Amino acid sequence: MHNETSTGCASRIDEIRQAIDAAGHPALLMVDTISSLGSIDYRHDEWGVDVTVGGSQKGLLLPPGLSFNAVSEKAREASKTATLPHSYWAWDEMIGANENGLFPYTPATNLLYGLVEAVKLLHEEGLDNVFARHARHAAATRSAVEAWGLEVLCNNPHHYSGSLTAVLMPEGHSADAFRQTVLENYNMSLGNGLSRLADRVFRIGHLGDFNDLMLMGTLSGVEMGLKRAGVPYRAGGAQAAIDVLVGNGASASLAAE
Amino acid sequence: MHNETSTGCASRIDEIRQAIDAAGHPALLMVDTISSLGSIDYRHDEWGVDVTVGGSQKGLLLPPGLSFNAVSEKAREASKTATLPHSYWAWDEMIGANENGLFPYTPATNLLYGLVEAVKLLHEEGLDNVFARHARHAAATRSAVEAWGLEVLCNNPHHYSGSLTAVLMPEGHSADAFRQTVLENYNMSLGNGLSRLADRVFRIGHLGDFNDLMLMGTLSGVEMGLKRAGVPYRAGGAQAAIDVLVGNGASASLAAE
Amino acid sequence: MHNETSTGCASRIDEIRQAIDAAGHPALLMVDTISSLGSIDYRHDEWGVDVTVGGSQKGLLLPPGLSFNAVSEKAREASKTATLPHSYWAWDEMIGANENGLFPYTPATNLLYGLVEAVKLLHEEGLDNVFARHARHAAATRSAVEAWGLEVLCNNPHHYSGSLTAVLMPEGHSADAFRQTVLENYNMSLGNGLSRLADRVFRIGHLGDFNDLMLMGTLSGVEMGLKRAGVPYRAGGAQAAIDVLVGNGASASLAAE
Amino acid sequence: MHNETSTGCASRIDEIRQAIDAAGHPALLMVDTISSLGSIDYRHDEWGVDVTVGGSQKGLLLPPGLSFNAVSEKAREASKTATLPHSYWAWDEMIGANENGLFPYTPATNLLYGLVEAVKLLHEEGLDNVFARHARHAAATRSAVEAWGLEVLCNNPHHYSGSLTAVLMPEGHSADAFRQTVLENYNMSLGNGLSRLADRVFRIGHLGDFNDLMLMGTLSGVEMGLKRAGVPYRAGGAQAAIDVLVGNGASASLAAE
């Protein structure tokens, strides 16, 4: 998992590869980039990944409906003799047809047209700028969470995610009740906590076709929701985010006086 | 002008009517509701207006392209003998055809279909709720302007507009240069000052299909723009708006701790 | 009227101009091109027209909502002193603002964006090709009408219209009842007869974004409607149209055997 | 294959089931309904099918991107111990999640919204009417092919397909060259022949959101294409189709005179 959707932590795939190699372990390295592809820098070949799985519905600016596999020679070889049950498509027919510019089955044509436009948009902005934009939004979001007196689930800066931020609810407060309050009052749907984190965290997404004002609308909605839901917090999170987005903190605006 | 687009002041049409009647003056009362219809309470018949002019492109949630006239008997009579040059349509052919459910000329059909949906949306929310929503957004916007240490052009609470707020720039600062900075950095187009107010005010629109989070995105963009454009201001406007939107000021959030 | 919508006759504007000039008459020449602009060749300047009126909703491929005036110097002069009542916009404010690239009032912005695309499409095909396409469709339509044993209202080839064809109903048969049958059975809306022609003619439009197969669907719908409505006709109209569209008549297809 | 896309023959699934049962054979019956679901009557349970596969992109009026499996208990049991390689999704995770109203993976949400509307449209028309409409269009298409002097590939009326008709090209004529001529001249894309039928047949689709006038446009395009491509044919196919669609042949229209 390049970006762990449920926790808002990004794994350092390059380091994992190095660890596997250092241990001389033959394991294949498979990476899920669903919530990072197009939002956080990722390098299938350079990092020596064997299988990369991506999707259309987040960083690629499209509705859900397309999934992508990047597969190493080593993985293709392994798949030929694999006996484990699998629940997704087999690669060979797809790769065979693709080599002639075809699909073995009718593809989701409309989404493919959309993909062409989406990739064009990403390149117009420049991938480095896209990644930097998401990183800025993530930093502004963390500063808001901190100002609210809440806790970012991912506690290792080395693993901060550019595409989403998971926030821990204070003890004794339901994340899902809070999410419901936000949905009803502000028509904004926050991510829920998964499995063990169910009802304990809410997730703020800041990926894809997203700009500074959308982020401020989002963070303002979270802050207003905290108030309405009676969750203990300190006002000022949205303001803290503004300070990060606009440059260098409150001092800056004072300087303007 | 029910809502004065260039100044962000709303006229008290009912009081104007009373003044005309008190003076026993025969003047016809014509009201432009382009930027108020569907955003601020307005009553053509009850207030005794002779000619009301409205448009599709603001409170009615549509693109520009439709205009509406409400005309009193008195105005229709007067128009029969009027000799002043006029630059808009004549009423009689339109009224005559409309009485049979027709138009004298091909109307903007697609916009009429949209109008049916727009009116449905407004009634689903309830006109009183729509007006209250705009008034809340206007109050939150004024509190932001005050917190920034800037001045709302409309200085009479009796005339505050629910659909837009015009803000005076500090002496020696160009409103248009500021608007340009906001457009380039945040892809947000603020209204310009008109005629004598050219380059001296910028206008924040908060009407039509608009919610709390859109307003916070808007006000955050203004605050970040003030910083980037080097306009003297105090940080905290967006935060002040949150306090108004969520209920009762900063004390409220403290109470939650 | 360049193209007479109610009769399907196109006027020879150039000849009318010549006649006016030959008579040395000072009359202004005003031409309505609503149903011909972009479908039939038209030349405001070259033909010495004083006022040309056009609309967006036919040959320009757009929904209704835009109207265009081309005005000669002579007409502008005349308008300054004109005392006749008028029911449309005054020119001066529009022309004055346009000279600075502006509009005196909020224009139908969305339709203007559409207009840019529509004009691009027309030029991509080439205006001469667009006019030729409409002329071909008109010729195919007339051959269908003739094959049905019905009569084209416009009985002077010199005035045939490229954008629509009006067809006379046989005595004792209601054009409107026929149009209703076609609408109910084939979801196709044919034009009705206007004023004195009410209920006596139906009109087949073949202008705008229209191709050979759309025309064949249209003519087939008319032929099937004639059958269903019990209107006396001879089968074979659609087939006759195919022969015209594909080149040179029935003999051609025999030659293929 | 309920409807054989490459040949335009529809299999009698009920008879196949009966044959399997009569032989007391344990084989599972799997049916591909991609090109028939929503166009030709089909009954998974009543006909005792074990696995039915359908898609969104034909009779269901949607773009490609959704596929549906209907699975019998017997098939689910068999799949638990199946060792054959498979290239599609596994059922269990999907069925398990679906039972709780969920999906095990992010579904193509937008297409699911479209599906709700598509099913509503089909029920508004009534499935029996939908199937009858396609059968009428197929009959009209076959009568056109016959009139052209060409041959319908499916030579057994018991197997005629309601959703598409495959047509054999005369010896020595390329179906693909003909299809190219139609595409270039009429912007209409006809289906190609598959595998052994490559370049020998072209396929006329008449399924999904399709009405009488669309069919006539389609058949007229084929007839004009035959002429342009120099394929030997007899004129009159489109006319023959009209006679079928409108009721009872040429005699009928004479009767109207």
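To keep things simple, chains are lettered A, B, C and D as they appear, and every chain counts its residues starting from 1.
The rule is short, and it goes like this: contacts are C-beta pairs under 8 Å (C-beta built on N, C-alpha and C of every residue); 3 or more make two chains touch, one makes a residue touch a chain.
All of these numbers come straight from a predicted model, not from anything done at the bench.
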{"item": "Labels of chains that are neighbours to subunit A and to subunit B", "value": "none"}
{"item": "Between A-D and C-D, the pair joined by more C-beta contacts", "value": "C-D"}
{"item": "Furthest chain, CA centroid comparison against subunit D", "value": "B"}
{"item": "Intercentroid distance (Cα basis), subunit D paired with subunit B, Å", "value": "55"}
{"item": "Where subunit A and subunit D are represented by their mean Cα positions, the distance between them in whole Å", "value": "41"}
{"item": "For subunit C, residues that touch 2 or more chains besides their own", "value": "none"}
{"item": "Chain contact graph, described as a line, ring, star, complete graph or other shape", "value": "ring"}
{"item": "Of subunit B, residues touching subunit C in the complex", "value": "34, 55, 57, 63-65, 85-90, 93, 104, 106-111"}
{"item": "Contact set on subunit C toward subunit D in their complex", "value": "149, 185-188, 211-214, 216-218, 220-221, 223-224, 226-228, 230-236, 238-239, 242-243, 245-247, 250, 252-254, 256-257"}
